[in-house]
Amino acid sequence: MNDELVIGGQVVRSRLITGSGKYQDESIIPQVLEAAGCDIITVALRRMDFDRPTENILRHVPKNKILLPNTSGARTAAEAVRLARLARATGCGDWIKIEVINDQKFLLPDNYETIKATEVLAAEGFVVLPYMCPDLGTARRLVDAGAAAIMPLGAPIGTNRGIRTRDLIEILIEEIALPIIVDAGIGRPSHATEAMEMGAAAVLLNTAIATADDPIAMARAFRLAVEAGRLAYLGGMPGASTFARASSPLTGFLDQTEA
Amino acid sequence: MTITLNGKSQILDESAELLAILHDRQVDPAHVVVEINQSIIPRDAFATTLVNDGDAIEILRFVGGG
Amino acid sequence: MNDELVIGGQVVRSRLITGSGKYQDESIIPQVLEAAGCDIITVALRRMDFDRPTENILRHVPKNKILLPNTSGARTAAEAVRLARLARATGCGDWIKIEVINDQKFLLPDNYETIKATEVLAAEGFVVLPYMCPDLGTARRLVDAGAAAIMPLGAPIGTNRGIRTRDLIEILIEEIALPIIVDAGIGRPSHATEAMEMGAAAVLLNTAIATADDPIAMARAFRLAVEAGRLAYLGGMPGASTFARASSPLTGFLDQTEA
Amino acid sequence: MTITLNGKSQILDESAELLAILHDRQVDPAHVVVEINQSIIPRDAFATTLVNDGDAIEILRFVGGG
Amino acid sequence: MNDELVIGGQVVRSRLITGSGKYQDESIIPQVLEAAGCDIITVALRRMDFDRPTENILRHVPKNKILLPNTSGARTAAEAVRLARLARATGCGDWIKIEVINDQKFLLPDNYETIKATEVLAAEGFVVLPYMCPDLGTARRLVDAGAAAIMPLGAPIGTNRGIRTRDLIEILIEEIALPIIVDAGIGRPSHATEAMEMGAAAVLLNTAIATADDPIAMARAFRLAVEAGRLAYLGGMPGASTFARASSPLTGFLDQTEA
Amino acid sequence: MNDELVIGGQVVRSRLITGSGKYQDESIIPQVLEAAGCDIITVALRRMDFDRPTENILRHVPKNKILLPNTSGARTAAEAVRLARLARATGCGDWIKIEVINDQKFLLPDNYETIKATEVLAAEGFVVLPYMCPDLGTARRLVDAGAAAIMPLGAPIGTNRGIRTRDLIEILIEEIALPIIVDAGIGRPSHATEAMEMGAAAVLLNTAIATADDPIAMARAFRLAVEAGRLAYLGGMPGASTFARASSPLTGFLDQTEA
Amino acid sequence: MTITLNGKSQILDESAELLAILHDRQVDPAHVVVEINQSIIPRDAFATTLVNDGDAIEILRFVGGG
Amino acid sequence: MTITLNGKSQILDESAELLAILHDRQVDPAHVVVEINQSIIPRDAFATTLVNDGDAIEILRFVGGG
């Protein structure tokens, strides 16, 4: 089976994208990435802390991974664009996750500023993956703006609540030709499996792995979960019914009288 | 002279090269990206870029993020 | 990690148990079992069909598997006991899945007859796995009756509806010392992952694999899903919250003025 | 004589061994389990068990089931 | 519309049954019952507290209500029978709610002892309403034992979790000819409405009203909710669909060119 | 209790808003409105059908109702504005429900065009109630644009699927100072009760009543359901728990030995 | 002369008042709202508004809607 | 003499009528139901029932319950 995911012209083998935030001990990240089997990892851009000048997250990221910097901290399209350009100036590639957030309680993305930033950055050649609140009209505008994939939230960042916006994401999967990547809210492997069964192209998560008791085991769990859901999506799951249908034959019983 | 470095006011004795400022602070130039007055400075210009009085410098690097 | 499942004194490596019913083409069963990685497979006992005397499901079952005959067709404890004894007389082992059903629309198990059959068969040395409607009082009596594991239904057989009895099964997992195996209702890999995340010892399913468009792929999907859920259960999943918690640092933003 | 085999009435010319009945029907004895009048017949007794007039015989084997 | 509920030969007008436990101030019970509009109210039997010999819950219960004593405290059928007989000896009628509980964490009813107690008490002429863990086999035996209605739990007592056993209760409603009364778990009016929409004959609840900030308002809320759900059940609710269907006409738009 | 809903400066007594579409027999609308007890009713604007020049929906609408014309048929803000102005020119008031839809399969509103239309019409003095896909950023912009209330969808129009966007609507209720009216998707009274329990200011529905077998009974059911949910919201519902809490006293049991 | 009335081409003998057009079609003016060439015609101007060759007229009324 | 009343041991001077025991404790007989040695005492027998040494008496009444 040739089941390739292509984003921004690049073939991505793994449908699990992980974040690098919130680790108590960043030195386990290589093992986590290995267990997760992922090709893409997100990072954030922040001011150098001059008290710890040698700290460097990239030390923990194998060279062959695609780096997906986010624009966290941006409250407007302009700020996101500025952060994206800075991220690219590091020389680590031109992928960018747009994250424009005005709301500090739920950290919900601002779809309007996100569209504007996508437009500018796609025109500058970035591979743009916008994080968005699921909404068909926004998704269509992001397609027009040149996004490489659409990343609707399942639930607010870090809540682990699962795919609480399921109906809206299903509509995106049905109507939008770009890869739909469920980003945020996925707190358990079963949520990831569910997203993939729905036909999501990939899932992006951070908290559920980074804050698990055993992040390496959890990374492996999510890798298997994503693969399970993808296989099920491709393998043609049977539908659900109200009444029972026996698994064992309904004939040939003991003691029946036959003609 | 006074510059603003990552949001903090700093006093420098004299005009300095950006690269020197990084070195003074044990910062590996390969790991950072720098903006002066909201213009990005290419890494190969670090050595030749002079920081002047009143400049606002942002020195950023990647950290863990989601 | 030493995460062994022991049933009836026997170590079982795989936490996925599959049925052998409903296959359009039984010759793929070896590949399905291989893909599912399972150690235990259920079969039913029926009258020989003299028009097809050479048909033999066991041809398709590798020798090293544990055969778990069910008592499907039984409507009383006495019939289940009779079927169990016949099953053992085949020489294929002494494991038995008790299935006593009086209801033809939903195929729900009769907990009372199930307890009685368990009592008799456990005393005769069978390894008894009773299929039951989730209920704490019944589960306690099955423990006393000598069951080797308890198999509550997630939803009626063949409905693929998922774990619709979740709260009741969670109580069994919390209160009963035997392995709890979710049997029936599991229609998608995400359901299996969910069951394992809840702390189920294993899952048993048939319809979801046998009637999939691609049963081999689906078998593999369920294997991964079960493993993912088990890893997550062991790996300490973080809880869910209402408000968002950022994945990227909340300090060090561009343009902030600092003291 | 008349026996009931898997719920169907069957006429046999004369008393026969169970094993012969299986062979007549191309049934491999290793694959089945047999009850006569609700008593299980051990497989190694197939050759020596005589089927008599009026016997109810159930010949069962495993099939796919869930 | 003649929509009568008959239990034990008696016509009951209200489909909301309330408990009298857990009130901080029992003197508001008459107003609560008035607001709830209910005909049946449950009470428990306990030892007289000689320090407060004049306390009497019946003072707060209008004479025209049906009193439904429960057998709470019983751990066996024998204890439930004893309590039921004592309850009847008070002269307050012969209705009895059987509640046999062995489990102190989830307060789940013991279906087996419940059947036995029902059998004895129905034979003695009681109007028997057994509280049970939803299970078709148990419900059938309760019918045979002479129960006047069947009262499956939606969730454990006092949890307010809603109808977490929905699929099993729907089967009871479909298969059992007696009134099905959802008892326990109903924490919000929407849960009561849902139960009635499913076709439940009535709901029984206590905690959700008694521990509300404003029990009288909440009693009225549940009364309306139950009535709403019943009307909807009778009024033929339309089914759900995946795709949208316009509420406004799809013709006669402005600016369309017509032939 | 003084629990007033104020929209556009006008006090609205009923929190149930109904549509007038899809009735097989429009002559029952007065009885439906009476049973629903509603103050606001939606209508659409369409070309006169010269074959039936005397047909007039307003004949069926009592004079004291607030008419809420929608802009159905509009695909852009400009078209919605044009329809709104035409609606106002009828002399039936200046309330307008903005409905801008570009998607014919799910009939999802276009949030961007909706904001633009709201801006124009609010400035012209309309009482603007925009139908929208739930999204905090959009809701904030609608507030700024001068909306009188925000009307997020629970599910696509006419699907009766319930409040499938629950988490997003809860965020709107928490964060937005305007009345939040759940519009579309409400198919059963329990859905309406749930919306009101969440703190919605009102619900708007059409299909669930108009296509019921008995629209008048269903209208009454929804009226009660809405009132029940509102009372519960105000009356302080107790929270849910995992473990049981007895409703009957845990002391004073028969046969206990006391010191 | 030719007008477009609710999207349909119509031939009129001569210029007519809007009100007459409504009356001809049994339309109660109180129940409709009218646009000519995308301009709304106030109801009290129906009697004095002349419909001319080429005019696009939209006559709308409320219908059941959600 | 000693009786057990609602699980508590109690000493009485002499044999007493059940009704007297209730009155002593301010209990309204109309509100309670009584068991002596696991036999229910009908309310109209309260006045004539003698409580004897060693009797186990349960006096119960309804309370709020769910």
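As written, the chains take the letters A, B, C, D, E, F, G and H, and residue 1 is the first residue of each chain.
The rule we apply is simple: contacts are C-beta pairs under 8 Å (C-beta built on N, C-alpha and C of every residue); 3 or more make two chains touch, one makes a residue touch a chain.
A quick note: this is a predicted structure, and the numbers were derived from the prediction, not measured.
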item	value
Partner chains that chain C and chain H have in common	E
Pair with more cross-chain C-beta pairs in contact, given A-C and C-D	A-C
For chain B paired with chain C, centre-to-centre distance based on mean C-alpha positions, whole Å	61
Inter-chain centre distance, chain B versus chain H - centres from mean C-alpha coordinates, in Å	92
Centroid distance [mean C-alpha coordinates] between chain E and chain D, Å	56
Contacts with 2+ other chains: residues of chain A	19, 21-22, 44-47, 70, 72, 82, 86, 105-106, 108, 156-158, 161, 206-207, 210, 246-249, 252, 254
Touching two or more other chains - residues of chain D	6-7, 35, 58, 60, 63-66
Contact pairs between chains, per stated definition	A-B, A-C, A-D, A-F, B-C, C-D, C-E, E-F, E-G, E-H, F-G, F-H
Chain F partner contacts - residues on chain G that touch it in the complex	6-7, 25-28, 31-33, 35, 38, 40, 42-43, 58-66
Chain D residues touching chain A - in the complex, by the definition given at the top	6-8, 35, 58, 60, 63-66
Complex contacts: residues of chain E adjacent to chain C	102-103, 105-106, 108-113, 133, 135-138, 140-141, 155-156, 161, 164-168, 171, 174-175
Touch list for chain C against partner chain A, complex	1, 19, 21-22, 44-47, 49, 70, 72-73, 79, 82-83, 86, 99, 105-108, 156-162, 187-191, 193-194, 197, 206-208, 210-215, 217-218, 220-225, 227-229, 231-232, 234-249, 251-254
In the complex, chain A residues that touch chain B	19-23, 26, 29, 42-48, 50, 53-58, 67, 69-70, 72, 82, 85-87, 89-92, 157-158, 205-207, 210
